[in-house]
């Protein structure tokens, strides 16, 4: 199957220590802090990366773990953004409230649309998700009174985090807010994926009929996964809206849905950490390429996608895994008498 | 509804439908035959349009010769793409196919940007296409009629060659059971390559014919991707008449809304697709697996 | 005598082609029944009908004293009817232990639990180990299924079914595709299954069939052509025709 890299064996985590082994979260915190210190001028970009990572994590859950072929996840991300914006405009500027309601918005849209769409599979499902997202986009465009139409929703302000830390134009509050939510979401999601719920989702991806032959019911399970995915995508959207102070139609469109799918494939579909890695890689390349030549970045992304799919089916995280394996082997050789 | 409005909707709607049909029939055939989802298919239509716009001037040939050359060139370009890229993905997950062809689409878009510039390019039409035809109660642009006629010719020719000929039988054998078809001596690889190239050529034809309604631009493939996929999904993969009727249905629905409630035209298009897929997941005429 | 599983006058057809023709079948407690017949006779279809993957067009299926023919597949599984597949359908990216765990979780209706818990883990772990032990797979627990040999995969296929603690087990050619040497493992595994478990075994290998079965059903063209004890079936003229041809040559299988 893979031309170059052999797939890593999926090692079952030691169940008793599951929630204790916080390697991923720890890494995230460390890297996040390092990034803050190394790139103080780019906090806006880093904050965006953190918010986008949450969106990517949600898509990794839905598509990478459970195998729900959705190319319309932007609908949930954008819903979260708009709900967070409306919350700030009409309800309260408290960021946590906006975040929660944004997540709820994404979750509700996912639940309602998923209930209808998830009876279908594969290509039909893909088409339905695209159509549903497109319909939502049209609806948002038409309801320009409340969505701001093409200009989007803006001019809302976000109150201080926990009443203490103000969101200033330097962006450090925004950054740590996004980073904090990212680490928390990663923690929750990792436990979810390692739980019976997550294991069954992975099984459904590989063979839904087999799960049914074992007495399982695929549709309710997928609907639950899709709703959780919507919730998390909503968080991502809400964060983006709150930290960039804008919610617009492009957050609902097909380019956004396609972009996040590219991200998780790039990073590695089967692993949560792949979502974060993919986001960082993708947005870094986009950032660099756009300063050089905006046209060429599309070319690079296209080639990267083709390359990853042919040569690196595990994604970038596969390379990281191989490096870690190599390092361990060298370490063992070094310590052998 | 006045007769003028109705006739406008019909003429424009059917012309639009013919364009959609010609562009998407190749995609439907590839999806039905090789079970490959090629999201970059719109790029063939785009290539056809761009080449048709540039070749007559570049080579100093009459416009219609330029059209023919453009279509042929697109078919030629399609062959190595199938051989080197798409063929690797026949056995792979549908999602992988979609992703790699999205990558292809990005590359094509960037390439078109570099070669043809980022603004809209119009495809100049031969003299014969200009002017109007007087039907008595109204005049119709000659171009529209030619588009409709071309679409009808394409569907009839395809019906005769694919559905009813020995080539068609071989194609269907290859679809139903490739290993057995191969064992019987049917060259499935050749059929796949030919189908892909044919689909690309038809898309190029559709792109050229439809350049007035769907103008040529580098982001053509992604802008109309969802539209093209919708037609294929609604019609059912691999079904010739399915594509035809799906194009008619969607084309006329969208055009009527354009005339009556323009803001909802796009929404109406996707709502139709959504409803059809819910009721008939395999499309209006989809095959049973 | 109450039968644990009874099918009566099952009929089913696909697009006008009759594939199951008035089949009546009884499985008592502790049954060791083999289902044999030529390729295309409809044996797997029959298993699909019994397990609920297919709904028969007419006929009844009873588990104990209640009719289950209207129950969907998952309900039948939860009532204790479990089947295996002729071509292993395993979760190839997961380990052997995880594969069995998925079955155990289904049995406990615990698949929706979203937070790991130490006590529940221990209970599930225990059952997984127990099931693996029944088939001698403990040493392979951490191996990814996709990397196992075919014979080992067939064992995992059976392990999945056993983890459901079934009352009725429908084994569809458990030895299919397994190289000659490893077939013994499968047979031993089947012989060590609980004595009160009712087993219906589809097999082509006559050695396995005669070693295993106390009752044999011969299915030809969707209908029961003969049934009885192994000796009766072996002596049956029609069966001999099917398997050995008029001139007494063994069929090419």
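Letters are used for the chains, namely A, B and C, taken in the order the chains are written, and counting of residues starts over at 1 for each.
The working rule: a contact is a pair of C-beta atoms (placed from the backbone, for glycine too) under 8 Å apart; a residue touches a chain by one contact, two chains touch by 3 or more.
None of these values were measured; they are calculated from a predicted model.
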Study note, to complete from the structure: In terms of mean CA position, the chain most removed from subunit A is C
Review point. Which one chain sits nearest the middle, judging by mean Cα positions?
Key: A
Exercise for review: Indicate the whole-number Å distance between the mean C-alpha point of subunit A and the mean C-alpha point of subunit B.
Suggested key: 34
**Study point:** Inter-chain centre distance, subunit A versus subunit C - centres from mean C-alpha coordinates, in Å
**Key:** 42
Check your understanding: Any idea how many Å lie between the Cα centroids of subunit B and subunit C?
Key -> 48
Practice item. Would you pull the subunit A residues touching subunit B in the complex into a rising list? Key: 63, 69, 71, 116, 120, 122-124, 126-128, 130-132, 134-135, 138-139, 141-142, 254-255, 258, 261-262, 265, 295-296, 298-299, 301-306, 309-310, 313
Review point. Once bound in the complex, which stretches of subunit A touch subunit C?
Key: 9-12, 15-16, 18-19, 191-192, 194-200, 202-203, 206-207, 209-217, 221, 224, 270
**Study point:** Residue numbers on subunit C that touch subunit A, as the complex places them
**Key:** 51, 53, 73-74, 77-78, 82-83, 85, 89-95, 97-98, 101-103, 105-107, 110-116, 118, 121, 124-125, 142-144, 147, 160, 164
**Study point:** Interfacial residue positions of subunit B with respect to subunit A in the complex
**Key:** 31, 37, 85, 88, 94-96, 98-100, 102-111, 113-114, 118, 222, 225-226, 229-230, 233, 237, 263-264, 266-267, 270-271, 273-274, 277-278, 281-282
